[in-house]
Structures are given as C-alpha cells and as structure tokens.
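Paired with chain B in one complex and with chain C in the other, chain A is shared by the two complexes that follow.
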Partner chain A sequence: MTLALDAPAARKSWRVSDPMLGFLLVLPSLLLFLGLIVYPLFQAFVLSFHDVSTLTLEGEYVGLKNYEDVLGRSEFWISFGNTVIWTVGSLIGQISLGILIALLLNTQFRGRSIARGVMLMPYMLSSVVTVMIWQWMLNDLYGVVDATLMAWGVTDMPVPWLTRMPNAMITTIMIGTWKLFPFVVITILARLQTIPEQLYEAAKIDGAGPFARFLDITLPQIKSVLLFILLLRGIWDFKEFDLIFLMTGGGPQIGTQTLPLLIYKEAFGQLHLGRGAAIAILMLIIMTIMFFIYLWYYQREEKRAAQ
Partner chain B sequence: MMSMVVRQSARAFRVGLVWLGIFLIAMPMLWALLTSLKPKGDTLTFPVAIWPESFTFESYSTLLFDTMFVQLFLNSVVVAVGTTLLVLIVGTLGAYGLTRFKFRGAELGAATILFTYFLPSTIIVVPIYLTINQLGLSDTLTGLVLSYTTFALPFALWMLRLFFQTLPVEIEQAARVDGASRLGLFFEIVLPQALPGIIATSLFTFIIAYNEYLFSFIFINSDAKKTLPVGINFIVKTSYEIEWNIVMAASVLMTLPVLIVIVSCQRYLLSGFGVGNTKG
Partner chain C sequence: MKERDSSLNLQSARTTRRSLLKGMGLLAAAGTGVLAAPHVVRAQGKTLAFWTTQRGPTQMKAYEEIWKAFEAANPGFTVAPQYLTEEEYLPKLTAAMAANQVPDLMSHMPPEFAMALNDRDLLSPMDEILKEVGADDFFENSLELLKDEKKGFYPALAIVNSTTTGPLWYRKDLLEKAGVTVPTNWAEYLAVAKATTKGGIFGNVYPFGKTSMGDKLFLQTIWQAGGTVFNPDLSVAFNSPQVVRALEFVQAAVKLSPPSAATYAYAETINVFVQGRVAMAPYSGRVLGNMVSNNAKLENDFSVTPFPHLAEGEGGRKVFVGDFQSLVIPAAAKDKEVSKAMALWLFRKENYIKYLHAVPGHNLPNLKSIANSEEYKADPLLQKYAQESQTLIDATSMSRSFLKETPEHQLNVRAGSIFNSRVLVETIHDVIIGGVSPADAAAKGADKIASIMKA
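Presenting the complex of A and B:
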C-alpha cells in the first residue's frame, strides 16, 4: 500500500508493465511449444541425416543418404500418388455429400436438432470404432452389406472390398467420406443460414427452379466457405493416418499406403528412425506449401472482410 | 388450392428425404448397436439375420467383467482429462495474452500456432519418440499427455484466440478506467464472457485426446497402461475367433462418453465449429 503513494515513476516499476504481462501469459505456452514441437522438429531435421536404429536410438551421420534412399525408390512415389488419390477422392466425396445434406437440413422441420446431432456423430467417432463397425459390415461371411447386395441380386458373390485394388482404395475413400462429411455440413449450414430469404423469394418470382436457384444464389454465396473447407480438409486429409492404417494397413501390398503410413513403416516397422525422419521432413515441406496457400487465402479474405 | 397441395407434398417429400438420408448415415451405428445386443450365435448366421431371436446384454457383461475394458477406459479418461486440463490452463492464458497485448512477436506467435495446428502427428511422432525417451517417459501416461500436447495445445490456442477476438474490448477498457487491475480483469470479466468458448474448446480437446490412436499405439507397451483405442483391438483379437457382438459392444461403450458430450453440449460444440473453423 505504501508503494502506491510513491512517485509515479516508482509506481510504474512496481506494477508489471503491460507488454511484460502479455509475455508472461504467453510464456507457459511458449515453453511447451519450444520443448514439445520446435525442438522435436529440429531433431527430426538432424535425425534425417543420420542412420539411427529405432531400438537403440544410436547411429552415425550419413549425410543425404536417407533422402537418396527414399527418393530413389518407387515406393515413396507410389505412396505419394496414393496420398493424392485418397485426398482428392475423399474431398470430392465429403464436399458433395456435405453440401447435399446441408441443403436438406436447411429447412424447418420437427426434430431438426436431433437430425443435426445424428449427422455430427460419425465425425466424433474414434477411427478405431469407425473401422471396427465397417469391417463388421463388410465382413465377407457375415457382413450385412454383402448379404443385402446378394439378396437384391446386385452380386452373387461377396465383394472383395479390401483385398483387391482398386476396391481397397475406393472402399477406404467411401468410409472416409462417411466419417468426415459432417465437418462440411456444419460449416456450410452455418453459412447457408446467413443467406437472406428474400434472394430466393425474388428468384422464385422470376421463375427460377430449385436447381437454378442453387446455381445462381446458393453456390456463389457459399463459394468462399467452400474454398476454406477445400484447403483446410485438404491439409487434414493429406495427413490422415489412423483410418487408413486400421482399415487396410496400407494393403493389398502397398495399394493404399499413403505417406503417413510409409513414415510409420520405415520408423517403427523397419526400425529406420532416420529414414522415417527424412520422409517426415519431405512431407513437412509439402504441408508447408499447402499451409502458405491457406494463409495467403485466409489473409486475403480477412482483408476483404475488413473492407 | 391446387398449388398449396403441391407445395405441401413437395415439402413432405423433402422432409422424407432428410430422414432417409439421416437413416442411411446412422445405419452403420444402428447396426453396431443391434449387433451388440445379439447373442453370439445370432451374429454368425447365414444368411444374415437382421433382427435377433432375443436381445441380451451378455456381450456387455463379458466386456465389463471378463476383459480389461474398465482399466483401459480409466487410462483413456486419465490421459484425456490430463491433456484437457494442461492445455486449457496454459492455452487460455496464452490465447488471452496473444489477443489483448501488443508485444514483439505476437503476430509471429499466431502464425506459428496456426502452422502447428496443421502439423501432422505422423511428422512429429518420429522426433517426439526420441524426446519422450530422453525424458525417461516412454511407456508412461505422463509421456502420453505431453505428446498429446503437441496437437492439443495448438488447437486450443487457435480456437481460444478466435473466441477472445470476438469479445468486445470496450467492457475491459471501461473496467480498466474504473481501476481494475489487468489480472483482476481477466478473472472477473474476461473469463466469464469467454466461458462458452472455453467449454467448447475443452470438449473438443477431450474428444480428440480420448480418440487418439497413433501416439498411444507407439509410446505405450504395457497392457495395463494402454488406452481404449489401442487396447480395444487387443481385447478383440486375443481370442481365436473374433466375436463381433463383443466388438460392437466395445464400439458402443467406447462411444458413449462422446455421445453424452455431444447430446448435452451440442450448443457449445456448434459454436465451436462456427468460430474455430469458418470465418468466411
């Protein structure tokens, strides 16, 4: 209390100055960031130049050998191609299903909040649960999907959903679509609800049908949200591990092996931690490029919103 | 008159379509629930019997009393709650600091958070394996919580920062003029206002940590310390023949906490989706 009566200069030094307090608030986050993200990333970089065994964690400097090994083998490029196919495929699936469901949910009807809750569920399921449910549904002997298809005469034999190519990739993409589309629904629905009803009324008076109204009013209005979803989900799907790993393990052979699975296989399957790190760094470069595209777009939109 | 009938039937058609869509999407989950209530024999019939001869909770009792399910569940809860507490305390302070204070590096900080928010676990898993080992925390739940921080903290910081940005600065300024200290302000004015955002972020963090697979799969070796997503496979595949009624019961039980969160807090979750992910 006595300090508060002192001269202003002394008082100022007693109180923590504002930028200082700001920094203090951020400090715990900063320390965790440095220790658990920045330092490990730096370590990944160092590891990628070493031939390290995952078991002993010991090894020697080998220069660019890990990168040469990785880039020189077709497995990396096949996995890269698979990652692109998976990402593009599941994006197309999620976005089309997501828009469709969002449009359907954007009407008043009884039980709408229940409907929205049910829609959200697949997104919140653990990948393990998702995979267990679908493996049971697609089981070749007792699975309900094959049984239904055979009962309807669509096929007279169980479909090899996961044991052949390109079936395995298509199945994985379809399950990914089922699990991930709710994100699209929720984000699009939020935007749809801000479109003024008058726009539709006016178009109706002008005689525009539902499809024309979608193309002329809805689509331009949700365009910017769609691009966001595309970039965001594109980045997230590119790095998907759990779902694919648990569903197919990358098989048959390496038919559905994406880059995250390749990292796992090198680092923890074949115990080449250094080679795994090299693939991780290569993937980091790809992700960084995608991130800057996102950032560029994000800032442009924020600027536009501010105007 | 005629057009009203047409309009009404068009509406009924649309609502019917909605519920058909919902049914199709919910179908796998309903099938899991139905399977979990069947006696073992009913899951192995040919052709597949949709409706069981009789309902039973047999698979649930087997799961709860004859397997490690409860132990695994407790591990999962400990890790998820630990992660949520750590990340939310640190993250709320950090996000507020980044939003309301001007200091050198604040902009860079925000960009870094966003970047790490997108950082794949599969990239970080290789070096964090080394870090956790160096800290002597391999095969411990503490090590697992620390490794979860790598994705949970950027997520929480990013979401909380967006929530703080939506709070009007005027109230804080008025309280400042009235002589409130900056920290008093934080606890008495900012926190209560930000509470919905903090709740939404906690719920998402909890669910993400509860569902996490990769780190848990790699870092935990002892059966007694495994979390549910990893341990469940282990329960299910130890027997010679997969008992699908038990597998589905495990799926249902494992999802129950998440379901409770969604049902009781849908309002918060949706606001989280709105703020955290779209600004367009």
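Presenting the complex of A and C:
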C-alpha cells in the first residue's frame, strides 16, 4: 500500500513529473546563481564600456576607452605587480607554514587537541581585529615588537614596519600568512591522516630518513590537495581587499596598492565606476587564466597517474 | 515483514518530502508577499536615518539624547543615527543611493564632498533652513563657500566651523626646559622641534598617512608657503616654488616626527600628543577633553598656538584649512519636510550647545549667537582653557576650504576628487619614502592632478 495509490483522482492533477520537480528544485539555486553571479558579472562587463558616475549611475557608452585608460597607466601595472608579489609571497608563506604545522599536529604529543584548536584562532579572527592587533604590536611608540627589539639591543630606533618599502609589503605578507595559514593546515592535516602508516614503516625499514620520507611519501600524497589549495588560496589572495586596505591603505606611496584597492579607489574615490569595472573585468580574466592553467596541469597529472 | 516496513517507509518518506517541498515553496511565496506588503514599507518609512562622522562616545550620547527628544516631540518617528569615518562617507552613500535607501539627513559631511554631490544634483537646497535659523547668524566664511552661485541656492550649511590642522598644540614644560619659545614661523618651528627631540620624545608630529588628515595638513602647508594647488581659474598651480618650499619644510619636520608618521591620521595624532610622546602636534580642540580625562598629569603643561607659517618676508601667509563640516539633505530623501525638521532640530540652541559641549572645543559654533552665549561659554573645560579656546576660534576665523583656495578662486567641485585620490599626501610620500626630490615630486603631483581634473 502506498500513499500514491490511495490518493484521490483530484489530487493526481497536482502531481508534478519527476523531471519537472527536479527542475523546480533546482530553480531557486538557478535564480540565485543568475541573480547573484551572472547578472552582476554581466552588469560589470557592460559598465566597463561606459563612463559611469558611481553617484548617479548614469553615463555614456565609451567603447574600450576605460580599458585603454587603465592599461595605459603605470599605476595599474604597479598595482598588478603588487598583487602578484602579495599573492605569491602570501601563498609561499601560507603553504610553507601550513605544511610545517600540519606535520607537527599530525604527530602524537600531549595537548595535541588544544594545539589544533588554538592553531585555528587567527583564521577565525576578523580582518579588522587582526589589523588592530598587529598595528598595536607594531606601533613605533608603544608597540611590544619594537620595545622588545630595542630592549634586546637589536635596533636603536623603532623599525618602520609599515612606512617604508619593502618593509610594508613584507610585513603585510607576514601578517597575511599568519592569518590565513590555518586553512592550509586543516586541509593538509585531513589528507595526512589518510596516508597509510605502513608506507612510512616500509620506508624506515629501507633506511629512509625523515626528509626522504617527506619527499617520497608525504609530498606525493598531499600533492593533489596542495594543488587544490594553490588554486583556491591563489584566487582568494589575488582579490584580497580588507586586510591590505586596513593595514596600509595601499601605502606608503602605492607600494602595497593591489588591484582590488585600485578598483576601490577608482569606483569610490574618483567615482569612475566604469573604470573600476574595467579593472575588475581584467582581474577576472587574469584569474580565469590562472584557473585554466590549474585545470590543464591537474588533468595532465591525472593522465600521468592513470598511465 | 522487515521488507514491507522498509517499502512503506520509503514511500511515505518520498511523499512527505514532496509535500514538504511544496509547503516550503508556498511559505516562501507567502513570506515574499508579506515583505512586499505596503504596511511593512510604511512602517520602515517612519525610521529616519541620520549620518554623521562624529562618533566619540560623548558625542554619540549627545546625539542619542537630541534625537530621543526629537522622537518625543514628533511621535511616530524614530531616528537611527549611523556613525561613519570621513573616508567612508562617499562609498557608503553611493551604496545607499544604489539601494534607494539614502539617509534623511547627513551631518559633518566634508564640504568638498557636498559640492561634488551638488554638482550632480544630488542635494536639496538648504535655504529655508538658513532663513529660519537666520543667515546673519552664520559666520561669513562658511556661507561664502557653500553657495552654488549658478543654481542660486545653498546645497549645504556648515553645522560647525572648526579646524583640525589650524591649531598647533605644544607642551609648555618641554619648551621651557629646552629654552625655546612658542614658534610663530617655520624656522622657529623646526628649531623648537629639534630642541625638544630627546629622551624618547619627538619634537613634533607631522602626520602624513594616506587619509584626509594628511591631505588637509599638506594643503595648509602649501597655503602657508604662499602657494595654492590651483590658480583662480582652476588651472593647476601645483608645480610651483611654493609647493617645493612646502615639501622641503615637511621633509625637515618629518625627521623630527615619530617614524610611523607616514601612517598617522586623526586618532594617532591626538593620541601621541595626549600620551606625552611629542612636544608639538596639530589637532582640533578635542585635545582639551582628551588630555584632562586621559592624562591629567599634563593638564597644566600644554597650550595651543596657530600653526606657524613660512615667514611673511619669505612669502608665507597666515591661513588655515577649515573643516566646515556640513549638514546636507540628499535630493532623494523620502520626506524633505521631515528632513528639514531634523536639521532645524539640530540648530535649536539647547541641542546645538549640548552637541558642542559633548567634546568642548573640538567643534566650534558656526552661529554667532551661540559663540557669544553665556550658556556655551559656561562649560567648565572651556572656562579653564579660555585662552586656548580663543586661539581655536581665531584660527577658525582665518580658515578656508579647498573648494575656494582664495576668495578670487572659482568654486572647485572636483576638490573632493583630488582629496579622494590622495594625490596631495602621496606627493609627501614620494619625497620622504620614495626619495624623489621636492621639485620632481611637485611636477609629478601636478601631472596627476591635471589628469584627475581632465577625467
């Protein structure tokens, strides 16, 4: 006996076919996708061909002028260079520190659970809190970092952490690394826990040392996860705004001004929404290229593994 | 038996899921309908949005009291104040405008932003408010700046009239100890800064973070060197010997400033002076209250003087950048009459004084009747620091805005864009951090300004 068999004939007309029900179930997500992703993207694309005021949202079609203006300015290329330096530097820091801490947390020691929890703290902090903590610590007059360095005789004067180049970029990368490395740790740690212990035991019997075991067993095993992290964190870091904006505002000069900060400056500072949209579209193109490189590399590796 | 149970459960579960999904769909549709119902929209319309950049704890408390009284006098209305930084004002406003949720009244808007908005017809005339309060009661320098001669109305009114960069606070005890007197020109300023830089104390702070504080202070320095950013016809005058002279002065002053002055804005500047780590610092009258409440041991050891300028014999002039923070009503405000009532409420004597007394000396009255009133002067802090208060008022009376650098200048509606680009303060960065010569930095800055004006 089923409820469908018991249903009166009148209720049968309410029944929706399975394909239609499937479509209806997908429809809300589809509408959200179209409304929140496709439409804004399309809108940004259209805006990038217009000279639009951010305040009035009115303007005229100017063709490729916004792109010509943007690509013809040294500020764009400096900001692009800064974005690459920030992304690469931050990725290197996060991945190196992330692997190191993940390996450490994968070993047995007392208080491991607490250590795993504490390690997540920086990732859980909002960017505003992170920036406030670090700005306080790096303050030249009452910050603990300079006070300690001077007390130890390492330096006579406070270090201009954020007011000179390349210090400002290095400091920002270090703070970004500190805040974002836990994502790498939890992802790598999850993979490390699935590596069969026998592999390490066999390697030990063969006389492999810790470094050789890492290179020949751990690294190949976590390679796919690393590539995944590289893609995700690469995209996220490439468009990072809040941490850098709050930390340095893009300064000194435009030494830490990345492309997202330049978009903000154009769209909200100069009120040139069209030009801001053009930079955003250029960023999208760059990130799409990065994605396809990843995809190509991933597929090549998959093929190699299959062979 | 087990199999039959399982089959029944499966069928039952499938039916339930389907019904549940249908139910959810109906609920979502019903929810959307409720949200779109006119009475909900009407209920939202009774909440009035008030934006301001003044967000000190005592100022927020004063605003809350003022608006509570407004709500009591106007039943059915609720005022929701929103506190923003100066840098957030335009970005938040653009987002609010895009969402058709503009505030009903905005206070302390930088006049450069106000006139940029007015240029795009985004502000309502304030003339009725001006008439009701009394045009003669306003200080003239603010009225001169904020009238749109072409449109024939005032799109903004300076709610207060003060200057953050005009006053230079100094430590009497440190100057006395170093055997120097209060500086009146740049040469004396640098000599005092040099003499007082010792024992972990810096002689001065010249903030040049990429914020409006850095921009305004450098603009003032250019004016005090006898220069301007624009000529009266708004052609670019930045590449001039006066700007080079201003940069040379900044170069010398920064050597005697805390190393992180390149990131300092308002908060850092006042904090470093109140903490007693610098001998001289520019800031508004907020220093009075902050010093008394946070570092009372120095409350008798500090005073204020107008920020020194290049000696008049060398072409310098005594002029300051004023804040002229303005009250504006967006053209898209829902109910202009209500907005006007809110604006007039702020100008009521008791409310105006309540706000000014929240941080005595920080914002100065822009109404002569208030400035001369016994009620305003009755504040204990203003009485204790009567001489300092007078210095603040004097500096304010000599202040101008980037909108009209001199009375001969045309109104520059792109002044806000120049500020927002941070091109002024970036010129200092070029010299101090980039190692570019002042002459080259001025030339580079002039090109950048010209391209912003052209865009």
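Keep in mind that, in the parts below, the second predicted complex is superposed on the first by the 278 of 307 C-alpha atoms of A that agree within 3 Å, B and C clash if a C-alpha of one lies under 4 Å from a C-alpha of the other, contacts with A are read in each partner's own complex, and residues count from 1 in each chain.
The rule is simple: a residue touches a chain if its C-beta (ideal position, glycine included) is under 8 Å from a C-beta of that chain, and two chains touch if they have at least 3 such contacts.
In this text the structure is predicted, and so the values were computed from the model without any measurement.
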Fit or clash - chain C, chain B, common chain A: clash
Touched partner set for A:G153, first chain B, second chain C, both or neither: neither
Touching partner for A:G269 - first (chain B), second (chain C), both, neither: second
Partner chain in contact with A:G207 - chain B first, chain C second, else both or neither: neither
First, second, both or neither for A:G22, with chain B first and chain C second: first
Touched chain A residues, chain B compared with chain C: B
First (chain B), second (chain C), both or neither touched by A:R164: second
Which of chain B and chain C A:N139 touches, first, second, both or neither: both
Chain B versus chain C as contact partner of A:V129, first or second or both or neither: first
Which of chain B and chain C A:P260 touches, first, second, both or neither: first
Superposed model, chain C segment overlapping chain B, candidates 24-32, 60-68 or 96-104: 96-104
Shared chain A contacts, counted only where both chain B and chain C touch the same residue: 21, 24-25, 54, 57, 139, 141-142, 264, 268
Chain A-touching residues of chain C, taken from the complex the two chains share: 8, 11-12, 15, 18, 21, 25, 90-91, 93-94, 97-98, 116-117, 120, 122, 209-211, 258-263, 272, 275, 277, 417, 420-422, 426, 429-430, 433-434, 452, 455
Chain A-facing residues of chain B, complex: 11, 14-15, 17-19, 21-22, 25-26, 28-29, 31-32, 35, 43-48, 50, 89-91, 93-94, 96-98, 100-103, 106, 109, 111-112, 114-116, 118-131, 133, 146-147, 149-150, 153-154, 157, 182-183, 207, 210-211, 213-214, 218, 228-230, 232-233, 236, 244, 247-248, 250-251, 254-255, 258-259, 262-263, 266, 269-270, 273-274, 277-280
Residues of chain A defined as touching chain B within the complex: 18-19, 21-26, 28-30, 32-33, 35-37, 39-44, 47, 54, 57, 100-101, 104-105, 107, 109, 113, 115-122, 124-129, 132-134, 136-137, 139, 141-144, 147, 150-151, 178, 183, 186-187, 190-191, 224-225, 227-228, 232, 235-236, 238-239, 241-242, 246, 259-260, 263-264, 267-268, 273, 276-277, 280-281, 283-284, 287-288, 290-291, 294-295, 298, 301-302, 305
List of chain A residues in touch with chain C within their complex: 1-4, 21, 24-25, 53-57, 139-142, 157-165, 248-255, 264-265, 268-272
